[in-house]
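The same subunit A turns up in both complexes below, where it pairs with subunit B and then with subunit C.
So, the complex of A and B:
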């Protein structure tokens, strides 16, 4: 019984981080029609920022603050150097970001080596909640994720920036005609989306062994979450993340992580095939 | 190469192809066994690249998981020729029958997958992500499945025999693979130059318009997808024979990435360019990866980005494009305009 309680919390934890990664992807895709194949590597960069600060004796916390900033800047530079030249070439932007992902992964291997690295857990204590003993750090991750997800929703639904962004999503040319600086909007969105991935990588770093391949392990489920939930609305990510992340945790618990990946990916593909518009999305016009 | 020479060669595509063919035919006479063994493998990769070129360059289907077909072909070849498939033994388990079976299984799998994907109106970027996920699934299954060797793969795949003699020596093996490469090239060129190929190009250039003309676009996509997959499956089966070894890395994400890079760098719209792209990248890798170690892949990744941005037709694409646009322009308005 207690196992199940712990397991549910673990699932929630994974789902929230997955949503964080997927959210960055979906705002970039929604606003810019760019599928950022390097998103997993932004996650990776976030995790290795924390590894770096830990190795240098600065500890985890400065890394957590630095990660979104650094990864956001990296995203901004990549948007400036590569992505903005490919706005009208969707497939090419996929390939270019794919090349960037290879380069980033290789840079990490050059600087940190191909082996997995562990860092010291920043909050080793556990607390009693609802009769369960649960690690404080995982609760911290959930808190951060919920806060950032809520902030993103607020930003896109309640602020002037969000209104502009949604206008660009709805009709880019019309938005530009109304005086919205779409180029600036693209840059801000890409930077923000990258920073979200960087933050997700940083908070997850203490829970897993950081190796150069870990980005892909988050990119694919994050993207499948978007497709399962529906790329049209921001809320689709929550549903998709819950289905993909929850399914993955459940099957990992019952069988094994590898089986979970096989089953969840396959089911997600079937689901996408049956409902291309996503579970949440209504009619979507292209 | 100077512009004049390039123009001469472009004006005479047949001459160019013959020059390349002669180069490959004479290569073993150089007498360096190590290089011949290496080139044999590169030729197999070249065949694999032509399979992706058909699917991606000619039909516009972005496939991030083409190694699934390569790996599946290799595994079927290995399992059948080692007699590990229950109910298939005796003459059916001989090398050639195993190879035919491998190609057939891969083609059938691609038809089923294509039927599932293309009638679902999955296209463009979504298809890329879905095929990427499929290649990761395939790799995980291959690692997990103990009977097919799990993480370690399968070794000791028996050689092919021709006229009662086993082909083991380096030079005969080279010529065997080279003739497969030539055969596949001629066949694929025949397909893309046929009326069928023209319709496929029309679907690539403007799917809606092709549909308005009354073509069942999903059907054409499925067929070309299956052909491209079968070519990759054949390459996989040949790879199993050449290296006497199959492993989960051949079916997965890494291999899918590599073939995509070869084809993009070579030039995806031209079969021969994709083929040479594979050879060029592999040859450079074997020479440079000792010197550059990890930096090689970094440079390759950045070069790939530059190639996508500035030379979308690849290194060889422009040079080798025989009569550029000719097939498209004749397509009754449905081709490139």
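So, the complex of A and C:
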């Protein structure tokens, strides 16, 4: 009973971070029709920003603040140097971003080595909530994730910037004919999506062993979340993240991680077969 | 001349659609662009907006060459565009659609001009309704209102009567004519509906094979039915 309670909180924790990663991926895909294969490596860069500040004796917190800034800038440069030349070329953009992901991983190996690195837990205390003893740091992750997810929704659903971005997603040519600078919109959104992945990597770093392959472990479930939830509306990511993240972590706990992967993948395939537009299907202009 | 197009060539989908278009629109005039299907009328409007890149030739708006510019910059020069099929944002409300018309303005100057709702009172009543739930005629009014919200000096309209009941077509034509008379708005309208042209436009040009082959006053159309028969009958 206690174990289940803890496990539910762990699942929620995982789901929220997964949604952060998936949200960046789906914003980039929705706006630019680019499947960013390097998104997992943006997560990786976020985690290693924290590793770097910890190694240099600055501790965890400056790294947490720096990670989204640095990864956002890396995303901006990659958009400018590579992605913007590959719009409307889906396959080329997949290959190019895959190449970038390999390059980032190798750079990390060159500078930090291939081994897993641990950092000192920033908030080692635990608290009693609902009769459970739970780590404060995991509650902190949940709080940050909920705040950033809410902020992203506000940005896209309630502000002028979000209105413009949604117009570009729905009908790029018409948005441009109304005077919206679609190229700048691409750059800003790619930067923002990258920063979200960087932040997710940074908050997760103290819970994981940081190694050059860690990005993949979040990229694949994030990608599945989008397929399950649908890429048309931002809210699809919440549903997809809950189904994939919740299913994966609960089945891992009850049975085994291998069973969880088999079940989640099978479920995703069945869902995509029944509802190709995702659980929260949105229409778009082609 | 507010708009002059000289020897414009452009291709769309691999084939050369515009083959040396020459066309001028005077300030404040309402000009109709007519011709059979596939003669390049829609492509010409898209080329003016920069949505189809010109291969050669010139497009000058208000003394400033705009060919080769990005679409959003062309719009910012003061050209409003209402495309074929209207292309309102179905999932957005009326207000969101209208706000998109003024989004390019600096913050603080993003108010929707109040006269928009005088021109199209139905939009006022339905501010928070989704555009996708509207009839074709209402969507057309919204698309025109969205373009007018940015206070353009030139309005490009592509087949505004398409799929719309005749009474609404008359209403839209009368409204546009009144706006142009009051504000000096210049309108270039691609249209197949002869009644709408006779009601709305003062001058017209006919396209054939990717060129403008004849231009005349609408009064001449009324007097000489052979002009219309020559260019429009199948």
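Basically, the second predicted complex is superposed on the first by the 280 of 286 C-alpha atoms of A that agree within 3 Å, B and C clash if a C-alpha of one lies under 4 Å from a C-alpha of the other, contacts with A are read in each partner's own complex, and residues count from 1 in each chain.
The definition used in the following text is that contacts are C-beta pairs under 8 Å (C-beta built on N, C-alpha and C of every residue); 3 or more make two chains touch, one makes a residue touch a chain.
Because the structure is predicted, anything quoted here is derived from the model rather than measured.
Enquirer: State whether A:123 touches subunit B only (first), subunit C only (second), both chains, or neither.
Expert: The answer is neither, since A:123 touches no partner chain.
Enquirer: Examine A:136 and indicate which partner it touches, taking first as subunit B and second as subunit C; both and neither are also allowed.
Expert: neither
Enquirer: What is the contact status of A:94 with respect to subunit B (first) and subunit C (second): first, second, both, or neither?
Expert: First partner only.
Enquirer: In the superposed model, which partner reaches more residues of subunit A, subunit B or subunit C?
Expert: After superposition, B is the partner touching more of subunit A.
Enquirer: Could you tell me if A:76 is touching subunit B, subunit C, both of them or neither one (first, second, both, neither)?
Expert: Neither subunit B nor subunit C is touched by A:76.
Enquirer: Which residues would you name on subunit A as touching subunit B in one complex and subunit C in the other?
Expert: In the superposed arrangement, which is not itself an observed complex, subunit A uses no residue for both subunit B and subunit C.
Enquirer: Which subunit C residues qualify as touching subunit A in the complex?
Expert: Contact set of subunit C toward subunit A: 49-51, 70-72, 75-76, 81, 83, 87, 89-92, 96, 99-101, 103-104, 107, 110, 146-147, 150.
Enquirer: Taking the touch rule as given, give the residues of subunit B at its contact with subunit A in the complex, in rising order.
Expert: 62, 116-117, 120-122, 124-126, 128-130, 132-134, 136-137, 140-141, 143-144, 253, 257, 260, 264, 294-295, 297-298, 300-302, 304-305, 308-309, 312
Enquirer: Which residues, counting only subunit A, touch subunit B once they are in their complex?
Expert: 35, 82, 85-86, 90-92, 94-96, 98-103, 106-107, 109-110, 216, 220, 223-224, 227, 258-259, 261-262, 265-266, 268-269, 272-274, 276
Enquirer: Where on subunit A does subunit C make contact in their complex?
Expert: Spelled out, the residues of subunit A in touch with subunit C are 160, 163-164, 166-167, 170-171, 173-183, 282-283, 285.
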